[in-house]
Structure formats: C-alpha cells, structure tokens
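So, here come the structures, one by one.
Each of the two complexes below includes chain A, the first together with chain B, the second together with chain C.
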Partner chain A sequence: MANLLWLQGGACSGNTMSFLNAEEPSACDLVTDFGINILWHPSLGMELGDNLQKLLKSCISGETPLDIFVFEGTVVQAPDGTGEWNRFAGRAMKDWVTELCDAAQYVVAIGDCATYGGIPATAPNPSESTGMQFLKREHGGFLGTDFASKAGLPVINIPGCPCHPDWVTQILVAVASGRGGEIGLDEFQRPKTFFSSFTQTGCTRNMHFAYKVSATEFGQRKGCLFYDLGCRGPMTHSPCNRILWNRQSSKTRAGMPCLGCTEPEFPFFDLEPGTLFKTQTVMGVPKDLPTGVDKTGYVKLTGAAKAAAPAWAEEDIFVV
Partner chain B sequence: MGDTNIRTEIQELLEGGLETEIYPRADTSEDVNKIVNRLQKSGASLIEKLAIAGFTLNTIEHGGIEQPCETCMYYLVHRKYCELPELDVPVEPEWSCRLWRI
Partner chain C sequence: MANAAVQTLDISPVGRVEGDLDVRVDIEDGVVTNAWTSAELFRGFEIILRDKDPQAGLVVTPRACGICGASHLTCAAWALDTAWGTEVPRNAILARNLGQIAESLQSLPRHHYGLFMIDMTNKNYRKSEFYEEAVKRWAPFTGTHYEHGVTISGRPVEIYALLGGQWPHSSYMVPGGVMCAPTLTDVTRAWSILEHFKKNWIESMWLGCTLERYEEIKSYDDFMAWLDEKPEHANSDLGLYWRMGLDIGLDKYGVGHGKFISWGYLPHEDKYNNPTIESRNASVIMKSGVYDGASDTHKLMDQIATREDVQHAWYDEPGGLHPFERVTNPVGKNDLDPDGQYSWSTAVRHDDNGRLEAGPLARQVIAGGSHGEDWQHTDPLVLDMYKKMGGASVHLRHFARMHEGVKLYREAERILREFRLDAPWYVKPTETDGQGWGATEAIRGALCHWIEVEGGKIKNYQIIAPTTWNVGPRSNDGERGPIEEALIGTPIADASDPVEVGHVCRSYDSCLVCTVHAHDAKTGKELARFRTA
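Let's look at the complex of A and B:
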C-alpha cells in the first residue's frame, strides 16, 4: 500500500481532468490493482476543514506515511513572497508544499505549471508563480536545486498542458510498486521513457515533413504543420503520437499544430498575438529548426527533398 | 483561365515593366505579417498581388540564400503553383518573391 496525497496550487484543474480520464491504467486501477491509497485529492477527497488540516499535519509529522506527494499547478508566492494569494486549509499553500515535500518519499509535479511554471509564470507573472524545481529552464524553482525527496530523487516532472493521463498513472504505478529508483530522468527531470522521443515521432504527417510539403491553411488534410502553421512537433519532447490521446488521436493527427507544452519555455513567444499558429522565420528560414539540425543543412535538405517530392505528397491522400 | 494562361499573363506583366516591391525582403515574421495583411486587404487583383509580394522572373539571392519559388514552402512542385492563400497563383520554379520561406 502506498499513500498518495494530491494538492493543487495555481492551477486550472486541467491535469486533474486529464488524470480522471486515464485508461492504462485507470485512476480506479491505481486503487484496486496497484495498492495506491489516495489520502486526498481536490476532486475526490472527502475531508473538509479541520479534518483535512489534521490529515495534512499527520502526513507532515510522519504519523501517516506519505509515499507520494503529487502537486498540480504553480507554487504561488505573491504578494511579496508570502504566498497569501493562494491560501489552503488555513495557511499559504506554499507552506504546506514545503513541509509535505520534506515528508514525502517521492514528489511528482504534474502539468506544465507545477513543473516549469507554465502560463501563470509567464511575464509579468503577477502571482509570482514558479514550478516546483524549475522556473522555465532555470533549475531551482520553489524547492531549490538541492532538493531531493526521502527516496533520494528530485521532483519527478511530468509536464504537459495537460499531461497525458497515462503518463501520470504509469509513473505512479512505477513508484508505488517500488520501481521509483528505476525512473531515469532527463535534464529537466522528465521520465526518459516518455520524453526522449519527439511529438513528431509517429505523426501521420511525417511523410509530408520528409518531402517538405506544407499545410498552408487549417483544415487541409495534406502537408506538414511545421513549415507554416507553427507546429513545434520536431523540437518538442513528448510521446503524443506514440501514446495516443483517448487511445485515438493526437493534436497533429487532428490537424492542430503542437504547441510545445512539454518543454520548459511553454508558452512560447510570450503569447504575442499572431505568433501562436505561424512558424516564426528569420530571412525565410524557421527561427526554431528541428532539434539537432543546423541552418545550412536544413536549407540543403529542404531544397533536395522538395525537388524529389512525389505528386501524391501534394494531394489530399486521406479519406473519411 | 487555366494555370498556363495566368502564368503567361504574369510573365508578360513583369516583362512589360510592372514595378514590384522586391525589397525590402520579409526578413522577420513581423515583416511577413505586414505584407500578408496588405495582400488580404488588396482583394483579388493579380497586379496588386504581384506588386505587393515583390515578384520577379529571376531568382533573388538574399542573405547568402537563393530564394526561388521551387524551394519555397508554398510551392507545389508538380503543379508549379504558389499555394500561399493570399497569392494563390501559378508560377515558374525560377521566379521569386519576398514572402519566400523554406
């Protein structure tokens, strides 16, 4: 039996909504098949008021062993570092977070806000929001660079806006079944098993990427979304096209450009109007090239690939 | 009018001295947006499209990179066609315009 506590800071509850839709395994499977005891969750917890405070204090004191502490949303520090803008159970949420992280065997940050700050931490960041152990790309965040949970791991970051439900439940199962130490993390503390490949990996529009055929308008069923419509699939680490959403599809498969929500910089472009769905260019060349590709190589490859594009690549090959 | 006829008309217009805004090239996304906005407001006039986009019958080199239609992302190789919605015209591979992007 592994005790799990889930709290929300500066959050929209999107990751909770996602989590409750998990299928492999489902949220119910966590309880019935994998021995996870959900002590409290904002949408599932029964305790209120004094009873909730008692539960939280019991976790902090160690009376109730806290195996997994899950945090969703940013750590709000406004105003002036007090955290009073986000009060919970009688005190600033950030103070609960500090003490619960010290008590937990494992700390798991869920979603882009908890991992890297996400949208709330975008300038001018009036809520003084930060991620648990990162603020965008900067290591440290709320808990500091040296933080390690009792099991010896830093915060396990599962980013996304929201993150895929199965990424969450599969990591929770790994931790609950004693394999937490086997979770390899990348430089941004994301589980490598999910975040080593790119969103582009498995995208059904890959052949259009290869032949440099662009989608130029939404609704087109041919063409790659990277060249003109702002898709960040070639430089975003996620398994969105390997572990499909609702077991059916993905943003790019449905014709929606990847927004790069599993990367620390999300949201990109400081949300300036007209930038979200338009590939940013410098002298005609994309400002952000596919990971590992340099400008010279990109221009050469593109010219050659386009010249070799077969006629079918320029036509709508998908049918209903 | 078929693609061939329009392509011929464009060639004759440019050979006949139609002045187009070849420079400044659209170096930044803001530059691109400004030109595209002008195209959207200009309506469907072929001459205005050619002028605003800065069409030329020869390839322009800019910043050390050649910018022919044939390597542009909006170019359909087999139809010899510019698919940028605001232009939407048949072209030749060696032509060029300042909205070129790769």
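Let's look at the complex of A and C:
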C-alpha cells in the first residue's frame, strides 16, 4: 500500500487527461491491483473541502504517511514571489508544495510545466512560473538544487507535454512495489529507462532520414520531417516511437514534426517569428544537428546519403 | 429573518481558460440566495502569445486546456485560415472535424463517470430507492461502471492519435489543412475503434438499445415512452440517471439565465474551403445561435456582438470592448473582493442579450430552432424537454451533454465514408498580416480565438472559452454570470456537505478544479469545502 497525493499548479490538466488514457495498468488498476491509495486527485478525488484541508495537513504532519507526491503544472510565484496568482485551498499553492515536498518519500513532477516550467514559463513568463527543481535548463527551480525527498532522491522528472501515461504508471508501480531506489536518473532527473533513446528511435520515417529525402510540406505520405519542417526527433530524448501514443501512433508517424517537448528548451526558440515548423538553417545546414553529429560529419553524411538515395524513396511509401 | 441560518459557499481554483475557481454562495433557510464565482489561476497565455510566430497559437493554445486541446487547436487553425485567406481542402475539414469529435466522444464517459456521477453516491441521497444500485455502479475507482466508463473513455482519442499522433496536445491542424495524410488502414482502424466504443459502451451500457432505436426519440413524450418500453432502457445508465435524477430533484434547480449561445461547429467539407469570418455561420453543420427562453426566440450568433467586461475581474483595462480591441493587462495584486474585483475570468456578454450560457444544453436548445440554413442540423428533442420541464436544470443540462453522443458518433461515421484518400490534405498558404477568428464547440461549450497578425508576428491574441462565458463574474451592469445565476434557488440539505452546489457547477462541466467552501455568514465559520470539477 502506497499513499499517493496528486495536485495541480499552473496546469492545463493535460497530464491528468493523458494519465486517464492508460491501460495496463489503467488508473483504476493502480488502485485495485497495485495498492496505490490515491489520497486525492483534482479530477478523481472524493475527499473534498474541509476533509481535503485536513488531509493535506495530516500529510504534512506525518500523521498520514505520504509515500508519493505527484505535482502537475508549474509552481506559480507571481506576483512578486507571493504565488497569489495561483491560490488553492485558501493559500498560495506554492506554500502547500513546499510543505508537502518536505513530507513525501518520493516527489514526482509530471509533465513539462512541473519539470521545467513549460509553456507558462515562456518569455515573458507572466506568472513567474518555474518547475519543481529546474527552470528550463537551469538546476534549482522552486525547491532548490539541494532538495531531496525523504527517500533520498531529488524530484523524479517525467517531462513531456503531456507525458505519456505509461511513463507515469510504470514509475508509480516501481515506487509502489519498493523499487523506487532503482530508478536511474539522467542529468535532468528523468528516468533513464525512458529518456536515453531518441524520439527518432523507431520512427517510421527513419529510412527517409537516412537517404535525406525530405517531406517538404505537410500532408505527404513520405519523407523525413527533419530537413524542412523543423522536426526535433534526432535531438530529443523520448520513447515516443517505442511506446506508442494512445496505443496507435506518434506525432512523427502521423506527419507532425517533433517539437522537442521532453527537453528543457521547449517551446524552442521562444516561439519567435519564423521558427515554427521550419528547420532553422545557417548556410543551408540545420542550426541544430542530430545529437553528437558535427557539421563536417553532417555535410559528408547527407551528401553521401543523397547520392545513394533509391528512387522508391521519392514515392509514397505509406500508400493508401 | 432573524433566525435564518445564513451561510456562504466559496468555490476555489479556474484560470482564464482553465485552472482554479472559487465560488462564494449565500444560503438562507437552506436555499442559495446569492453567488459569486472567482477564477483563481492566471497563467497569461494571451500575454505569452504577443509578438510570437503567427502559428504559435497552434502549439500554445491546446496547452491552455489539456481537456479541450483539440477544440483550441481547431480554433487556432481556423483563426489563421481566416487571417491568411487560405484554401482548406475538403479532406482537411473532415480530418479536423473528426479530431474534434473524437475528443468530445472521449469526454462523454470520462466526465459522466469520473466527475458527475460520483455525486449520485453521496450519502445525501441514501434515502433514494436507486442509491444502492448507484453506489454499485458509480462509486469512484471500484464502481463497476465507473471503472469501465473511465477506461473506455480512452478509446475515441485513439482516432485522434491516428490523425495527429497523440491526444492530448497534438498540433496537426495547420492553416491550409492538416499535417497528416491518413491511409486506408487508418480509416479502417478508426472504424473498428468506433464500433468497439459503440458496442461496449454506448449501446450496451449507456442506452440499453441500438443507436437506431434511440434516434427515433424526437420529443419529451417519445423519451418517456422509450424509458417505459423495456427494462433494458430503464436500467441502462441513461435510464437510471434519468430516474434517479428526478427522484433526488436534480430537475428542480440550476435554472440560470435561460439565455444561451453556441458558435455552431463542424464546418461542412464543401462549404468552408475558402474560410472567412463572415461566411462561417452559413458553413457549419451544427448551426450557431442565441436562444432566449423567455421569448422563445432564436437568432444566429455574430462574433461582432461579443463584449468582455472587466469591472469585477483582476484586469486593469477599460472593459466593455470587443476582443479585437482588448489588450490583456492583469492587475498586480489580486485581492478577493466580492463587491469589487474577484476573478481572473472576464465577464463575457452579448452586446444586445447580456450574459449567455454556453455548453451542450445551449447547443441543443439552439439545434431546436428553425433559424439558419435549410441543410443545417436540427434536433427538436432537448428544446421540447426544456419547454415541457419548465426550463433549464442540473438534470436537463447533463442530459443534453450526453444526448449529443449519438449524433457525434453518426457524424464520425459519415466522415470516415467521406474521406477521399487520394485527394489533397493540405494546400500551402501564403503568410500575410490580417485579422482572423476561429470558433468551435468544445464539449463543454462555445470556444473561440481572435488573432491579429501584424509585421509577421502576433499583435493580439484573445481567447474566450466556454468556462469564461459560464464562470465569469458580474458584468459592469451587475448582471450575474451564468453559474452565479444558476446557483440562485439551489436547495442545500446539509450545509456541511453542500453537494447540490457541486451539482450545479458540474452540470456546466466547468473546465476548472474548484473547491466549495461553506461557511456561516454571521460567524464566518467555515463549514465545508469540496471540489466540483
């Protein structure tokens, strides 16, 4: 039995909606089969109001053991660091967050907002939003660089806008079954098991990437989205093409360029004019190259690829 | 009234478009006599969008609300289409509509079981003859139908993933069309998902009959005859909802203003290929409208009549303006003052008709009107119920939401038949400056975006969400917001657990996480709090 509390700060509820799409285990399975006792959740919880306040205080005092504290959304600090622009249960949400994080065995940040600040922290960041332990790439965030939960781990970050339900449920099952200490984390405190491979890993357009055959505009059944349409699949760490979305597909499979939403810079280039769905280039070479590839290597690779490209690569491959 | 027990309820957390809401309600003699709704989260999406790439709304606005992301994307795309003067191929219109419908179908069981029906298991209703069965079916996590309903709600959005790669938060709708080019197997997969959803929930659990039988219901009398026709109907989740709802009096409160708005939605694939703001009303399958219950009159809704008042909201702005004229400017210090400013939501109103209720009930009473084009969808059922049952109520509002499911299902089927797989999905547009407007109906009501592009970047972006219509504070002339108004007259059986207030708020499906505080108005002692959405 593990007690779980889930709260939302500067959130759109997208991670909750994504979580509710889960199967194997489903949200209900987590409760009935894995002994996760959901103390409260904004969309699912039964205890409310007075009872909720009592519950929150009971978690903070330790009377109710808080095994897992899940936070979705940014920590809103406006105006002037008070957090009053996001009030919850009678006080600034950020004050609840501070006390609950101190009481929890594990703290899990769900989605980009809780991880890095996400869209609300995009310039000019009107709500003074930050992630739990990062603001974009900068370590620290709301809780500070030294924060560790009672189990001795920093915040476990599960980024993505939204994150995939399986990324959440698998980590929750690991924690609930006593294997939380085995979760390996990368430099952004993301579980390595999900965030070491790339979005491109498993993409159905990989052959077009290899032959440098580009999808030059939308609505095509061929071509790689990296060369012209700004896809960040080769530079983004996620298992989006290993663990499919909604059991069916992924953005890049469907024809939508990866936006890099599991990385701290999302939304990239601060959405400046001319940066959306267009590969940014310098002298014809993409500004951001596939991770680990240098410019000379890229020019050689793509030159050779273009020369070797077979005729079929220019035809529809995902045919009707 | 010296002995009258006067108490106050406060509902806490809603953002301008999603987030946190507080509601304060005065109760006298066990009945709500006054109400204030306060949105308690501000993230400033309209401010973030200023000076950004014209297409930034396609990425940012679905993230305004993870529950209605497809609806925001629909608005963002059509707003750019009208601003840039694009051509949108018929396949793309169909693909956008299918995404919108998939999201709405998802929301039916998810909202119904996850958020609404839990209240039927409240101990307040233990005297109802249906209580035991309600607990068995609808108790959170463990109820037999709760678990099935919440889990199967994930299926319709698998269709969204076939088009956009994932739900929530894809940006596959772009000016000029869509990013995807589905194949035959995508279409056949979508068919089988729909069939699964129909067989395993709509017909077997929700209706207890076939879609065809349900579609024969055209009037209140037809519906009551259907209910009595077979035990399968009466004991379906719809049948039980209807009978228990009446038994516990959900038809007796939650009246509201009796004035409604819908932008209309689902542009016809052959009628909106060269979209303009002006031509939209005559191009949508589900027609727009304003319905005034008092005079029983329908008319089309024109976006030009939209006004946003801010006298009672935390904005330092002139107010009373059309969104194209508005510049979002939050106050620094958001002190809660029911007599002054008390919400991040603006008070949206129609320039002639004042405050209007948005949502599925609005869509359905508008669908009953004879205004609009001859070919547009009409449906007399809910309007007939509205008249025969004495107006709006918690009961009818939630019924209207669920009633739409069969119609959306049929439209999804039609779309899958209409896709022409070898025809274009996208026509590359030319980026220009200009003003645009995109609208749709999210499951919970009227949603639209206004955009002004100048010098190749966003000059102004304005969003009015259904919850903005419904949850807004008083307008400058003092007219209550729709939920504020609907709370008036609500009976409260147990002030320490005012589930009825929750029923009213949840019947609007407000897109917010809200908490109700009940406290004694004289002593200020807080009696109870609870979440409403």
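What we mean here is this: the second predicted complex is superposed on the first by the 318 of 320 C-alpha atoms of A that agree within 3 Å, B and C clash if a C-alpha of one lies under 4 Å from a C-alpha of the other, contacts with A are read in each partner's own complex, and residues count from 1 in each chain.
Here is the rule we go by: contacts are C-beta pairs under 8 Å (C-beta built on N, C-alpha and C of every residue); 3 or more make two chains touch, one makes a residue touch a chain.
What you see is a predicted model, and the numbers here were worked out from it, not measured in a lab.
Undergrad: Is the number of chain A residues in contact higher for chain B or for chain C?
TA: Of chain B and chain C, the partner in contact with more residues of chain A is C.
Undergrad: Regarding the shared-chain residue A:A307, is it in contact with chain B (first), chain C (second), both, or neither?
TA: It touches chain B, and chain C stays clear.
Undergrad: Now for A:R247: first (chain B), second (chain C), both, or neither, which partner does it touch?
TA: Touch partner of A:R247: chain C, not chain B.
Undergrad: Between chain B and chain C, whom does A:T262 touch in the aligned arrangement: first, second, both, or neither?
TA: In the superposition, A:T262 contacts neither chain B nor chain C.
Undergrad: Have a look at where A:Q189 lands relative to chain B and chain C in the superposition and call it first, second, both or neither.
TA: neither
Undergrad: Return first, second, both or neither, reflecting whether A:D228 touches chain B, chain C, both chains, or no partner chain.
TA: It touches chain B, and chain C stays clear.
Undergrad: Looking at the overlay, does A:S43 come into contact with chain B only (first), chain C only (second), both, or neither?
TA: A:S43 contacts chain C only, not chain B.
Undergrad: In the superposed arrangement, does A:T275 touch chain B (first), chain C (second), both or neither?
TA: both
Undergrad: With the two complexes superposed on chain A, say which partner A:A27 touches: chain B (first), chain C (second), both, or neither.
TA: A:A27 sits against chain C, while chain B stays out of touch.
Undergrad: Once chain A of both complexes is superposed, is A:E217 in touch with chain B (first), chain C (second), both, or neither?
TA: So A:E217 meets both chain B and chain C here.
Undergrad: Share the list of chain A residues that count as touching for chain B in one structure and for chain C in the other.
TA: 217, 274-275.
Undergrad: Under the stated contact criterion, what part of chain A meets chain C in this complex?
TA: Those residues of chain A that touch chain C are 8, 10-18, 20-23, 26-28, 31-32, 38, 42-46, 48-53, 74, 76, 78-80, 84-90, 118-120, 122-127, 129, 161-162, 217-221, 240, 244-256, 259, 261, 267, 270-277, 318-320.
Undergrad: Taking the touch rule as given, give the residues of chain A at its contact with chain B in the complex, in rising order.
TA: That would be residues 212, 214, 216-217, 227-228, 274-275, 278-287, 298-299, 302-303, 306-307, 309, 311, 314 of chain A.
Undergrad: Chain A touches which residues of chain B in the complex?
TA: Listed in rising order, the residues of chain B that touch chain A are 25-29, 32-33, 62-63, 65, 67, 70-71, 73-79, 83-85, 100-102.
Undergrad: Which of the residues in chain C come into contact with chain A in the complex?
TA: So the residues of chain C in touch with chain A come to 12-13, 18-20, 22, 40-45, 47-48, 51-56, 58-60, 63-67, 69, 92, 110, 114-115, 118, 140-142, 146-147, 150-151, 153-154, 157-158, 160-172, 174, 176-181, 183-184, 189, 330, 332-334, 344, 421-422, 424-426, 428, 456-457, 496, 513, 515-518, 526-531, 533.
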